[in-house]
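Below are structures written as structure tokens.
The same chain A turns up in both complexes below, where it pairs with chain B and then with chain C.
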Partner chain A sequence: MVILSSLKNCFQLFYVLKISAAGFKYTANRGLILQSVSSDVYQNLAMEDWIHDNMNLENRQVLFLWRNSPTVVIGRHQNPWQECNLKIMRKKNIKLSRRRSGGGTVYHDLGNINFTFFTSKKKYERMENLKLVVRALKGLQPQLDVCATDRYDLLLDGNFKISGTAAKLGRTVAYHHCTLLCSADKINLSSVLKSPYKVIKSNATPSMPALVKNLFEEDPTLTCEMVMDAVAAEYARCHQIDHHITLINPADETVFPGINNKTKELQTWEWIYGKTPKFSISTCFNMVYEQSLLEVKVDIHVKHGRIEVCNIVLPEQWLPPAMCNELEKNLIGSKFCPSETTALASTLLRICPQNYELHSKWSLLCENVMTLM
Partner chain B sequence: MSIFDKSAFKFSHQHRLFRTSAISNGQIVQFKLSDIGEGITEVTVKEWYVKEGDSVSQFDSICEVQSDKASVTITSRYDGIIRKLHYNLDEIAYVGKPLVDIETDALKDVASEEDVVETPAVSHEEHTHQEIKGHKTLATPAVRRLAMENNIKLSEVVGTGKDNRILKEDILNYLAKQTGAILPPSPKPEIIPPLPKSETAPAAPKDKGTKIPIPISKPIVFAGKDKTEAVTGFHKAMVKTMTAALKIPHFGYCDEIDLTQLVQLREELKPLAQVRGVKLSFMPFFIKAASLGLLHYPILNASVDENCQNITYKASHNIGVAMDTEQGLIVPNVKNVQVCSVFEIASELNRLLTLGSAGQLGTNDLTGGTFTLSNIGTIGGTYAKPVILPPEVAIGALGKIQVLPRFNGNGKVFKAQIMNVSWSADHRIIDGATMARFSNLWKSYLENPASMLLDLK
Partner chain C sequence: MAALRALRRLGASLAPRCPGRCGPLISPRTGRPQAASARSLGTGALLCAARKFTDKHEWISVENGIGTVGISNFAQEALGDIVYCSLPEIGTKLNKQDEFGALESVKAASELYSPLTGEVTEINATLADNPGLVNKSCYEDGWLIKMTVDNPSELNELMSEDAYEKFIKSIED
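This part shows the complex of A and B:
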């Protein structure tokens, strides 16, 4: 019932926002605090998109609070292979998403809070937003040693990063969002944010690894709920609006027309992997086949997430050159993706000469090449 | 009216000149990178959304630049054609310096940066009414002027630009619909005058007297474009496989199976399997029955070499199950069905299905198949014409289970659960009789599941 009335409220507020744009003077409503009821990263990112594209923020600012189930979020121009451990993520069912703002890679789970500050482009001011968060935290726990750096990070005890920032600027609207580690799973965080690669050549934005800490470790009373409420209260105070948090459902097409399309787009392979800037992997690895060690050299260039160039150098005559060429040729144009490669390689085996030795060599080679993806 | 005709003509005339001439007609405007805020003076160009020669409209996205964790979408200030990109990817661009050169139509106005939301022509209330409908009516001053000149309410025009922006084309389409000036005149509908009523005339049938309105034909405008893309990756591999498959002379054999008893049996066994953590479908029964059949007709579990000179009878029954996944139709197989129980097959199927939907099937699961069953019936259909997957020599497609009336042994009609099966086999080495006998055996196991017990290994 609470949620229903909140939605209805929001719906009315939505109209109020539009009417105000026409020039009618409505008191209050210089700001709005929204909180998502969803923990689906794609829905929440779509919500940010929707607010960015549809709300009139000329004379009004919006704060959006959201949390996600375990996911890694990479920046707009980053390379997921370079930034995180995709194998571990697949095994642990941790999602991968790409946001539209710049910056580095972060790990989200329900112990992490995301704040998005929406303003008109003219009023875009990241430091002010971070100072607001710091004030809210100090309000809860005055002894807390929290400060903002000139890289727009928030540090705890001068050493540990508890928040990272990113921003997106459009034609008239801008948003600045940041994370806040309250009680996130640090073990998961460090295992997934470490890439197994050392040999990727690319111009993608690199992340700066940092030591992290949870607020909860400093003071167990600082739960996500408390912190969200404190930041909302401080935001309300600064913008002279009601301390009222409106709950919103990013899956509701009736309140947010067009949002489901945005959610779908954020989930496509073309967006998550395909938007990776051009990169190449040149590496050697060893394979064991019937007690002999074989060295394999691989050079793969990937553009838009698809293999553009593929060179595999095997010990001479280990595999008929025709077969190796066939693999290289078919990989070109294919997605740089283990399931696509497995399906491709298995299917090609159907039309190769039926020979147990050839098949096992082929499978071994394909599996090893796949580990690069 | 006359004003409209002139401006419409002028517009289309300009467009024709614009599109057909190779030499530039308009002026080249240097679009400079505008201020991004926070005192930023330089950014890195990360992605271009346009290339030289593309036409852009005002507010279309041109490129994405990044500065210190902020990603900025730069949109065009002008309508026109991109003539030059001043930076390559990953180069540093400077605020205030030219970003792209755009050739604009000399007659079109260079619009101001801001969207003009107010317009003097429409009354304040009406404008508010437009807002209340739920979207801003976005349009440049040039578009608004055109609308005003032709007494068009922007709220009635459907915008096709970004954010439902109303473009010049939308105004013109709207006008065309109203007056038919641009479209060829539609044929006038024939009006059939009603028959004069007279007392002597017999009661006319309803058809004759009524006017049947003939729809006014308008040329159908469809704005979609063809899209061509390369066939790559898994699909490319499938093209090769299917091409090889069709070199095999296929023959088909179909039959109908009465699964009434099997349906009942499965109902009884489902909860038992559930307790062991396994979902029991019909497939494990189909697969096991097939394997039992293959023991008697091993030629169906064989493989021939390229020139059909040698035939290899495979010892293992690795029965493939067609699965619909994100990649497309892939066929993982259950290994060594000949030594597996129905429950073990069900368990293995569960594993393959879970991995399949997560896109995590390995090469081992996807290779080594010797015989395939495709349960297309879960999606729909009765009979099919499946294509053999090389290097196999036979395949079966299972239709959906339907409840149909059939006669039983006593000549009475009863409700039967009927499923159709369609087999395809390699006619070079398999003859109709073999396929038919195999199918009959398979059918008998499924129609009378108790008989499976006698032959289970």
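This part shows the complex of A and C:
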């Protein structure tokens, strides 16, 4: 039986979370099941950080349930240019976020459920958590062929990935989180998780692409709500606590002091793009200008999301060398970002000779360089 | 938890077992830190810097005022194959216990905590292309950062190698 507490209970929750002395139910001591009312990925990731940093998990474990509106989530040490299609994401208004745990890139939408299992470092045990999820699913649908692999994925029918795992080990607390595809938009998923680049050289951690499936395709009665409830029930059974899900609002600073700062940090360019391990793009591409095909060679090195080295080689005299050098010089130090490059290119254009041919060549070159970003 | 605290107190008064070894800078008689003079191992002009350990499984070895920091064998085994090392910039100022980076392994992303207060002077650039060095040679080639030692007295709060070995035995139980 699920009892969803209203937000009014958040005040009680504050004490449950912060004070370990008497004054609340014994069962809250051993375990808590929390569910976010927000579908904002940054707020939900901030909630994970807050629990990790503030809760005393020595003798207590927490399960956190959350879902996000369409977003791509990359791992701590990954390269977004390498992992997803930023152009399509910008067009479709799909957010990009970077989580603090390791692992690969995933697509979230409201058809995907995220489970975060918080424990002390000692009790960190990913396989046990996954077995719990499998038991919950089989409880709902005994015919379901779902199992955990030694890479901590969950596979449906032995072939299709329905869940991926990542984790973070902190000072005294650990968390293991995993996704679960119930009814996610697979078309969006495959279009955004394919990078247009083949030419990035980087030591960022790569993702392992996999065939995916939704639980819903196997059994249309398996909705997100049912699955979340089943996992919560199994968690409650294992930890001998009440099957009681507390709704929490990750934007509530009174219950979670400091959480809005965490949310802000997760949204900064410096965190999302700037944390990318250094990489370089060395490529040739062709431009068409007035029926001639021109070859352009570009070599760009990016560190902390900013251009460190920039070499653009054009056919001789196609553009005055001074102009090209000016572009290269100004790109160095700027963010590897199309909007910043557009602004830069427009500024530079204003100070160069007012000549239609030069302007159109310049715009063509800048447009092409920007497609790399 | 109480046992661990007791162990830490005990660690400070453990006598070195092998006289010829580079032992902890603790007087066996009083249990108090000796004046800072590392016993050398005999041959060579290089002073042996006694390795000290934190309860988060980092080690630091100080030589000529510069501390070299890495993770212990216990830690590298627990982490599994390391696939990425995220290290700070040179010049970063760290307080003791500040987070200074992370190691990503097949197991998880794990934070790294500074054993002492100081400034980062060098980072191990070979780890960028070869993060597995931390697993293969955690005490030698797999070092992580070098840093200045702003408060040498903080070294006394860390565990000697013997104390650390006892510490990990206690957590394994």
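Please note the rule applied: the second predicted complex is superposed on the first by the 350 of 373 C-alpha atoms of A that agree within 3 Å, B and C clash if a C-alpha of one lies under 4 Å from a C-alpha of the other, contacts with A are read in each partner's own complex, and residues count from 1 in each chain.
Rule of thumb we're sticking to: a residue touches a chain if its C-beta (ideal position, glycine included) is under 8 Å from a C-beta of that chain, and two chains touch if they have at least 3 such contacts.
These numbers were taken from a predicted model, which means no experiment stands behind them.
Trainee: In the superposed model on chain A, is it clash or fit for chain B and chain C?
Mentor: By the criteria stated at the top, chain C and chain B clash after superposition.
Trainee: Just chain B (first), just chain C (second), both, or neither: which does A:Glu340 touch?
Mentor: first
Trainee: Contact-wise, after the overlay, does A:Gly102 reach chain B, chain C, both or neither (first, second, both, neither)?
Mentor: Both partners.
Trainee: Just to be sure I read the superposition right, which of the two partners does A:Leu348 touch: chain B = first, chain C = second, or both, or neither?
Mentor: first
Trainee: Is A:Arg171 touching the first partner chain B, the second partner chain C, both, or neither of them?
Mentor: Both: A:Arg171 reaches chain B and chain C.
Trainee: Of the two partners chain B and chain C, which one touches more residues belonging to chain A?
Mentor: B
Trainee: When the two structures are overlaid on chain A, which partner does A:Arg76 contact: first (chain B), second (chain C), both, or neither?
Mentor: both
Trainee: Quick one: is A:Thr205 in contact with chain B, with chain C, with both, or with neither? Answer first, second, both or neither.
Mentor: both
Trainee: Determine, for the stretches 5-13, 41-49, 167-175 or 347-355 of chain B, which one clashes with chain C when the structures are superposed.
Mentor: The answer is stretch 41-49.
Trainee: Name the residues of chain A shared by its contacts with chain B and its contacts with chain C.
Mentor: Touching chain B in the first complex and chain C in the second, residues 75-77, 100-103, 122, 124, 166-171, 174, 176, 203, 205, 277 of chain A appear in both lists.
Trainee: Quick check: in the complex, which residue numbers of chain C touch chain A?
Mentor: 1, 56, 83-84, 86, 102, 104-105, 107-111, 113, 128-129, 131, 171
Trainee: Taking the complex as given, what residues does chain A use to touch chain B?
Mentor: Its residues touching chain B are 15, 18-19, 21-24, 53, 56, 75-77, 90, 100-104, 121-122, 124-126, 152, 165-172, 174, 176, 203, 205, 275, 277, 306, 330-335, 338-340, 342-351, 353-354, 359, 363, 366-367.
Trainee: Inside the complex, what are the residues of chain B that reach chain A?
Mentor: Chain B reaches chain A through residues 36-38, 46-47, 59, 64, 66-73, 75, 89-90, 114-115, 117-118, 124, 127-128, 131-132, 134, 136, 163, 230, 232-234, 236-238, 240-241, 244, 303, 305-306, 312, 326-328, 330, 358-364, 366-368, 389-391.
Trainee: Show me the residue ranges of chain A that touch chain C in the complex, using the header's touch definition.
Mentor: Listed in rising order, the residues are 58, 75-77, 100-103, 122, 124, 166-171, 174, 176, 203-205, 277.
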